Structure formats: structure tokens, C-alpha cells
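Here the chain labels run A, B and C in written order, and each chain numbers its own residues starting at 1.
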Amino acid sequence: MADHALLEMRHINKLFPGVKALSDVDFTLRKGEIHALMGENGAGKSTLIKVLTGVYQNDGGEIRVEGKNISIRSPQDAQNNGISTVYQEITLCPNLTVAENMFIGREKDVFVHNRRREKRANELLGELGIPARGSQMLGNCSLAVQQMVAIARAVDMNCKVLILDEPTSSLDDKEVNVLFGLMRDLKARGVGIIFVTHFLEQVYEVCDRITVLRNGELVGEYLTEELPQVQLVAKMIGKDLDEISSFGEVEEKEFSDADIFYEAKKLSSSDALPFDFEIHKGEVNGFTGLLGSGRSESVRAIFGADKVNGGTVKINGKHVKITKPIDAMKNGIGYLAEDRKRDGIIADLSVRENIILALQVMKGFFKPISRSESEAFADEYIKVLNIKTASRETPIGSLSGGNQQKVILARWLLTHPDYLILDEPTRGIDVGTKLEIQKLVLKLAEDGVAVTFISSEIEEMLRTCSRLIVMRDRRIVGELKGSDLNQAQVMKTIAGGES
Amino acid sequence: MKNNFKNIFKNGLGQLTIPIIAILLLVIFNLIRDPSFFRITIEIDNAGNRVLAGNLISIINAASELAILAMGMTLVTAASGGQDISVGAAAAIAGSAFVKVLKSGGNINGLIVLLAFVVAVIVAMCFGAFNGTLVSIFKIQPMIATLILFTCGRSIAYWINGGATPTVDSSIVKAIGGFIPGCPIPTPVLIVIAMAIIFKLVFHFTSLELFTQSVGINGSAAKLNGINSTWIKLLSFIILGACVAVAGCIGVSRLGLINHETLLIDIEMDTILAVAIGGNSLGGGKFKMAGSIIGAYVIHILTVTLYAMKVPSTDVKAYKAIVIIILVVIGSPVIKKWFAKTAARIKNKKASAPMKGAQ
Amino acid sequence: MKNTKTFRREPLTDSQLLMTIAICIFLVMYVGAMLIFKGGFLRANQIFDILNDNAPLIIVSCGLTIVMIGGGIDISVGAVTSLVVMACALFLNNGGNVYLSMLLAIGIGLGFGLVQGFLISYLDIQPFIVTLAGMFFARGMTTILSVDPQKVNIDPIHNLFETIHRGALVNTSIDPQTFNTSTENLTELVRDGKMTFFEAIKNMNFRTLLEGKIKIDWLGYTAPNGNRIPASMEYGVVIALLCVVVIFLLLKFHKLGRGFYALGGNQTSALMLGINVKRTRFLSYVICGLLSGISGYVFLLHTGAGNATNAVGMEMNAIAASIIGGTLLSGGVGNVVGTFFGVMILNTIKKIVVTSGLNAPWWQSVTTGGMLCFFIILQSVVIFIRSKVRRSRISKK
């Protein structure tokens, strides 16, 4: 087994102050295989990757590439040893050209030959089928292309080990397929690929082997065909699956027009085309569609997060004007933004301050919530939502992704909204928390709160929503409910009825 | 008891550690050098008042303008992630406006002084709003935006009084810059205390602190939570404008004249320094105003110490620079990490001994 | 996808666009001045005058541009320049060799660059504070080095008087016309801080260097009295232009130069791309320090005297010039040619103000401030519109 091992990591340990992030983890990557690294958030995946790429130094254990012991002290060390990484966030420079991004930092020449470089870049981009020009500014390319440029860079470096850290989270299906094509191509060339993702289907689509981590420890290494999806999830979360399957079908609810809480006609914003939309009290609906289809932009328009251009909005039958988030909040709307890090958490502030923020804004500048009151609120929600934090005064930035998300949820629950918009609340968080959030959504609906739920995982939406609005090319192309709510139908509507 | 001590050892006094250590070191150094350095005496000043005198008093007194500006600058830094380098120039403008109004009437009475002060505050707030508009609406980095006023501010001050440096002869103005009859504490110190109390009250009765920090740490999230970040940034500059006016008026009152070229000259750098010594990140976000105020006093103790050591006033800067560098090096993340690592290694040695036995 | 292979002209980058705007405005301004004021502006001497007076500023601004492209700031440049001027003046006056004095200038500049760069990039301290301390230190050292006014005898005062009439006195609070040359009066002025003493240079070798000028006859003009006055350029200008060219090439074609852009564009990305971020940042400050040293020497070549108030406010002028030339303080965008034109714009305005007879001293700084305001807002608007266009283009795809 070890004879064609490309990369071996043995007994890797990593300590952080107070936490053992990795304890005695083994990992083996063979030539020409795509190897999924799976685990919940906090399982140690990213720590392992960072040890391998030289961002962190391991506190024990050894790393071997093609049988040779190496030590990795910096990202350059990793590159020199043939280990390349493509991160979830684009780690290229937007103010340089595509060609420069592909070649900078690894050329031996002291002087730069732009022409030669661009020619080589164009050849490579053509070969890999990436729609970009070498002379283009990277900042002018779409996110997907930027990601592919990063891969092209790695490919050109003759990397032996390619690490893809959540590469598909900002790509739509078509782009994912292009990426998978690229991955298979590289695999055929003998490159070992470590694939980190939250999407289980994708793992089964391209991966040969799966290594599962849990709580910083190795659970095991499996061949993909020998490990059914259900078991994989079980190994990742380490609890019984009954809980997952305990979700029944969403029961049909009948809504009358009198129950309409929010109604928009021809609502449009700087980023969203005009659309009509309504939601009833106690209803859970979903927006679905590929990335860039306009689903996030539409809910942002509802909340007034972007510049609203036109349209009429009625809440409880009364005309209202919502042009800024504060307008929406005063009308009982809450919005949990898609990008938690960028639009959600205030990283250096405490959990308590993060929880009371929205309520404080609604109360106004001159009516601050007293210290004791805010502490009571924080304690209450930490308990209700089971937020794992050292104390209410811990900076939110030091919490894990799932717990950060719960704090943001608490922030909105505290405002007691009548209508809550959740844009990708389960993205990038562990399976356990995902289930908790889904349950919470259903419970809110029972209490009469209208909820809009957006998720890239259709299954998740099918489990929670009673009505799905499907978007394509920034337009609403269908509305599914009742018996139409199944995966096949949703896919068909998204794809445009071709299949 | 032991736990408490451990906590302080572990977490320190937070961001106030460095400024407090600096102040202690300077005080100890001075006491060793000259045990009577901090002696406070009661003297009788020219006007016949019994007033406090001594090095300590003159330090606290002289640092007043800096402390007031540092308070405003802390807010601007926290909200906008940048600094206003035009405070000196703006103070010159405010001071000129103050004197202009004082000079316009016949004799100077309390009402006119109050009016002049209000005019100065309004003028300075307008210039603050100008800076704030560039920063918050046009999204220009504060340092660049305030470079404009830095460049032409003193010229505007020049223009207000037609290039003259008029003197103001009034007992009220003298009292503002010196001592109120019957009160032994210098008035500027009282004003600093008043300003600090005002800020404390503002933080207590409004959400300024929470909102400012939110905007500074994550503007995008703050916006989505309904905070009007444009307004908060603008507000911070306007508040700084008010602080500038107060500092400018104190500066004018001390001398009894307005010199647009030299009033609070070079104070912008000291102000930013005070904020930084106070442990506040110049990149914005979380802030502690107390830190900045202590920072202002650190700078002045240092200056006065150097004077007391017979360093000529023009050379003080060089020595100041060395102390600043030592302070920031101690406070630098790399050195802190190194300390933490060394501490952890010592701890680990103790902890890992039994673990090894178990293996 | 096929047609992407055909040659296509890429749109201007932000750096190029901002630079183009700066150059255009400079041309418009200058041509306007030529048409309105005629006289001096029609002569090549005007340009050479601006260059002669501002060669040090050009050099310093180049260094600052590099630091700003890398996403940093250096406010010590003016003070370092002044320290170099003072140190070299003293060195030369105490019998120092001219060549050694050049080494001294470069050494001081490099020294500041190395220490500041080390503190900023390897100890991770905020650049503003470090270079602020550097500025304090350099200014303090300058005054420590400067001559004690009490010891000055008649002779240097005579020298000083000469220098004042050559226009080198920076302090504006003294009017050269009504200047009283009596020793008592001078000492009084110095005590009041209204005037500082020059360290006028007596070294003969240096004097020849100082007087040396490149004269271009055909660009000159004939004065009303019939004398032919050639356009003359000091050696300092040649050095400054050389610096601009070298740094332009460095930024455009050298690995290190591209590293500065990457660093300013996105620091984490630069690290992930395998750029030695710490070293790159370190070098940006070292180069800036080195240029400050060179600038100091050029300054000395221009004035021929050391003075404690030399180059006061130069750092802010340099920042202003870089900004006008299209360098953004946020990093990653900028161009040294733009910076050069930034310096030219700043000083052309001053010339225009003087020529239009607005002699009150506050006019210059008010117009400079207004110009700065105009450029800053213009850039902010341009960048905003471009990012909007870019975003809509991406989302349309």
C-alpha cells in the first residue's frame, strides 16, 4: 500500500493554546487519486491542510513526499515540495493580470518578460479550457474563473499534490463540472488531489478514497465505493442517523390571502430585476437556483440591503417603503446574510454584543440596552440555541463557524421578527448544527413566523420549505409546491425544462 | 486570590497594560532621579490666587489639549480605521474664529466668551463634517482626506484674522487658560475632566460605543444590521471637531493670543501617538478611550522628564522617538507572541512530564 | 472561447488611468498658463526652475510611491532628508571628502530604511507609528547637530545673508527686503525661533559641484538687455530623473516591483502566491530610505547649506504628489511616472499662483489644498464608477 504513496503524514499533532487541534493523525495520498478529506467543522480538516501547506507548523509527527522526509515551514516550502493549494477564498491578487497571477512568486528570472509569460498563460488556459486571457486583469474575471486560474497556476507548477479547499462553494453546476473535468484530467497525469468539501454528492462523483476526521482525530480511511453516503455522515458526526431521518415530509399547510404578511410587486434593486413575491404568516418558502441566478439578490432587495430601485411593498396589507435595512427591521423583517464572515459577525466584539446588536439598532441610538439586560438576553439565547462559548464575553471571532451562525441567529431571534430571511444559514457548518437550524426554522414557522430559507443543498430545502421559488438568469421561472416538491422536478425547473 | 492574580498575569490589563506600565516606569524613573520631582506645592500666582504648582501639575495641565484631542481621535480611529491629521490646523481655525468673535465686540464679558466658544465649536464641527464627508461618502482614506485641511488649514486661520496675531486681554479668557479665582486646580485640567465625563455619559446614554466599534470592525455587517455607517463615521469626525474647538480655545486662552502658525503645532502626530500608545489599533475597531487619555499623559510625562533632564526643547523629539520605539516594540505582536510562547514552554515542561510517564 | 485568442487591447488598469488623468491635467494646466500668463511660462526655463527646485521632492515621492503601492506609509522621508542635509553639511565643513559625504548620505538613508523596515515587517508594528518615531528621531537629530547660534561669528552670518538673498531661506516670517543684518538683530531672531542658522558649505570641491549646471543654450531665451540666458539644469535633476526611470523599470519589469503590487493588492494572496511578504515589505522601506538619503544630498546640492528647518513638511508634499499622480494609499495601485507629474502639478500651481499676483502667503496653500481636494474626489469617483462597471460586467456573464 505504501509503495505508491505520494504523500504520507504520520502521527501529526498540532496544539493551540488550550486545544489539541490534531492528535496523532495519519493521512496517505497515492499517485493519481482524488482523495476526499471529510469532517465536521472543527474536526481538524483545515488545520491538517494548513500544516501541509506550511501556514502552521506541526508540533509532532512527520511528513513524507515520495518517501522523503520533508519539513514545511512556509507556503514556499510547500510549493517547493510540489504541494499546491487552491483555497476557498480566492488567494490571488486582483490588481495583477491573469498571467502574472499564474507566474508570480515562482520564477527564477529577476526581470519579468510579460509577452512570453502571457503567451504561455494563454496556451495553458486554452489547454485547460479556462475562459480567460493572460493579459486580463484578474479583478475583471468572475470568481469561478479566478478559482480556475489558481488551479492553472498549480498545474503549471508541476505540482504532485494539489489541495482543493472547498473549491466548489462559489461555483454553479456548470462550472463545477468544468472543474471536475479538470480534476480528472490532472488525476490522469498522476497528480494526487486532496479534495475538501461539504457537498457529499460531489465526493461520490469524483473521489476515489475518503479520509474522515472527527474532533482532531482520525476516524478512518475508506474506498468511496465501499462507504455508503449514510455511513459517511454517521462517521462524520459520530451519532445515530435516526435523527437525520426523523425529519418527516413537510406537512401541507393551507394559507389564505388574509394571512399574507409580506407582498411585493415589481420590486427591483441595483442587483435584482423586478419580481413579484408574497409570503404568509407561518410559511416557510425557499428561493432556489444556481449561484448567480438572483436568489440572494432578490432577498437582499426585500430587506433593502442593496439600493432599491422600484416596486411597491405591502406588509400586513399596508403600503410601506423599504429602502434601507433599518426600514425592513422596523417592519419586523430579519435577514441572516449569506456571507457570515463578511456580512454577519463583528469579529472582535463579544458574543453578548453581537447578540444584542440588531435589537439595539431597532431601539435606536439614544436608547441603549443596559448592561444587565443585555447579559440576560445573551445568557438566554446561549442556552436556548446551545451555543458553545467559553463565556458571553468571548469575542465571536474565536468561536467555530456553526456557533457563530447560532449567535447571528440569536441576534435576529431577539428582535422577534415576523418574517425572517435566512440566506444560506447552513453553509460551511457542521451537520449537527445544520439539523438544529432546520428544526428551528420549522419551529419558528409553527409559531407563526414567516421564513424564507435559502440553501444550496436542495434536499435541505425540500425538508423545510413548503413552497419553492425557482430562479434562473435573475428571473423567477417557477414556483413549486405540494406534490411538485421533489428533487427531480426542482432540477428540471432550474435547468429550464430541457431534461 | 491566587486565581485573581493569575488572571491578571494571564490576560494582563488588556490593552491598557502597555500605557500603564509606561506611566509607572516613567514615574519610578523620575522618583529615583529626583525624589522631589512630583512634589506639589501651593503657590500664589500673579493674580493673587492660591494655586497648585509642581511638575506633576504642569504635566497634567500641559497635556490637556492633547488629552482632549486624543478622545476625539480615538472615536475617529475606531470608526474609520484611519486618523485625522488636520487637528492642529483645524484647532488654529477654531482658535482664530474664537478670537475673531472676542475682538468684534467692545468689552469682553461672559456672554461674548460663550458666544465665541459656540462659534468656534460650530466652525470646527463644520470642518470636521467636511473631513467626515470625504471619508464616509467619498470613501477616501482619512489620512488622505484630512491632508487637504492639513495643507491649507493654517492659511484659512491666517485669513480669518487678516494675518494678524491679535492678543486678547480679558480676565475670563485668562481664567480659561489658567486658574479660576479661588480654585487651585488649573482650568484646562477641569475641562479635560468635564470632557471625559461628557464622553462617559454619551457612552452610557447612547449606543455610540457599540455602533462605532461595529462599523470599525465590520462595516458591511454593521450596514446589514441597520446601522447607518456613513452617519456614524461622519459623527465621529464631527465629535472630533468639537474636541478640536475645545482644545483650540484652551490653547488660545493659555497665551492670550492667537498665532495661527504655532497654535498646537505638530499636535496631530502626538495625538495619533497617544491613541496608539493607549493600545488602540490604528486600523480601527475596538477602542478604549481611557487608554488614549493615559497615552496623552505618557507623552507629556516623557516630554517634561526630558526637559527636567536639561534636554533642549528642540532635541526632545529625538529622545521621544527612542522611547516610542521601545514602547511599540514591547507591544508588538511578534514580541508578545514570543513572550507567550516562552511562558507556554515553561508551563508545558511542567505539564508534559506526567504525560510522558503515561506513554 | 475561440475569439479570446485573437489579440485584444485590454482596458487601462486603474494605475494607468489615474496616471493618464494626472498627465492630462498637467498639460491642460500648463498650456492654460502659457496662454494666459505668457511671459515666463513660454520659456523652457520655467520648467527647469520647477525641476531644479523640486528634484529632492521628486526623489522622495518616488520612494513613498513604492511604499504606498506596497500598502504602507512612510512619513519620515522629509525628516530623513533634512537630517542628511545637516549631517553632510557638517561633515563637509569639517574637512570631509565630497565622495565620502555621498556615502554618508546614502548610509543615513539606508540606515533609516533598514531599521524602520525591520520594525514594520519583521516585528509587525504599525508603519505609521514606526515612521512617525523615525520622523521625530531624524528631526531631533537634525536640531542636535545644528549649530548653536551663540557660537556663530560674523563670518557665517555674512554667508547666511548671502544665502538669504539667493532665495534659500525657508522661514517665511522674515522679509528679506527689510532684513536687518546687524549681529544683535540676527541673534535675537534666532532666539525667538524666527530664524535658524544655516550651515553654509565652504568645501571648495563641493562648491564646484554645486555651481555645476548643465546648460542647454538653444532652450534658453534672450533677456530684454540682450544677454542670452541658457536653460540650466542642476545635476540633482539628472539624478531625480534617473531615479524616476530606474524605479519605473523596477516596478514594471522587476520581480521585486511586481511583488510590491501583489503585496499591496492582497497581502494574504501574495503570501500564498509564494512571495516573501516580509522581505518584500522590508525592501520597500529600505528603497524608500535609500531614496530619502539621495534626496538629502540633492537638496544639499541645490541649497548648499544645512538648516534645521530644511524640508519641513516634505513628507506631506510627497504624499500629496503621489496621490495626485494616482497612487492609492490602500495599496496595489500606483505609478511612479504619475508621481513625477504629481510633483510637477503641485509646483506648477504654486508658480501660477505667484504669477497671477496673489502674493499673500496663504494663497499657495489654499490652492494646493483645493487642488488636492479636486484630485482626491475625482479619483474616488473614477474608482467607484469603474468598480461598478466591472461588477455589472461580471454579473452579466
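Convention: a contact is a pair of C-beta atoms (placed from the backbone, for glycine too) under 8 Å apart; a residue touches a chain by one contact, two chains touch by 3 or more.
Since this is a predicted model, take the numbers as computed values, not measurements.
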item	value
B-C compared against A-B, more contacting pairs	B-C
Most central chain, judged by mean C-alpha position against the global CA mean	B
CA centroid of chain A to CA centroid of chain C, Å	48
Length of the line joining the C-alpha centres of chain B and chain C, rounded to whole Å	31
Approximate Å spacing (C-alpha centroids) for the pair chain A, chain B	43
Chain C contact footprint on chain B (complex, rising order)	83, 134, 138-141, 143-145, 147-156, 158-159, 163, 261, 269, 272-273, 276, 281-283, 312, 314-322, 324-325, 328-329, 332-335
Chain B residues touching chain A - in the complex, by the definition given at the top	204-208, 210-211, 213-214, 217-218, 220-228, 285-286, 340, 344
Of all residues in chain A, those that touch chain B in their complex	17, 303, 305, 324-326, 328-329, 335, 337, 342-349, 353, 356-358, 360-362, 364-368, 411
Of all residues in chain A, those that touch chain C in their complex	75-76, 79, 85, 87, 90-97, 100-101, 104-107, 109-112, 114, 122, 126, 129, 131-133, 135-137, 139-142, 153, 271, 292
Complex contacts: residues of chain C adjacent to chain B	73, 119, 122-126, 128-130, 132-137, 139-141, 143-144, 173, 308, 316, 319-320, 323, 329-330, 360-366, 368-370, 372-373, 376-377, 380-381, 384
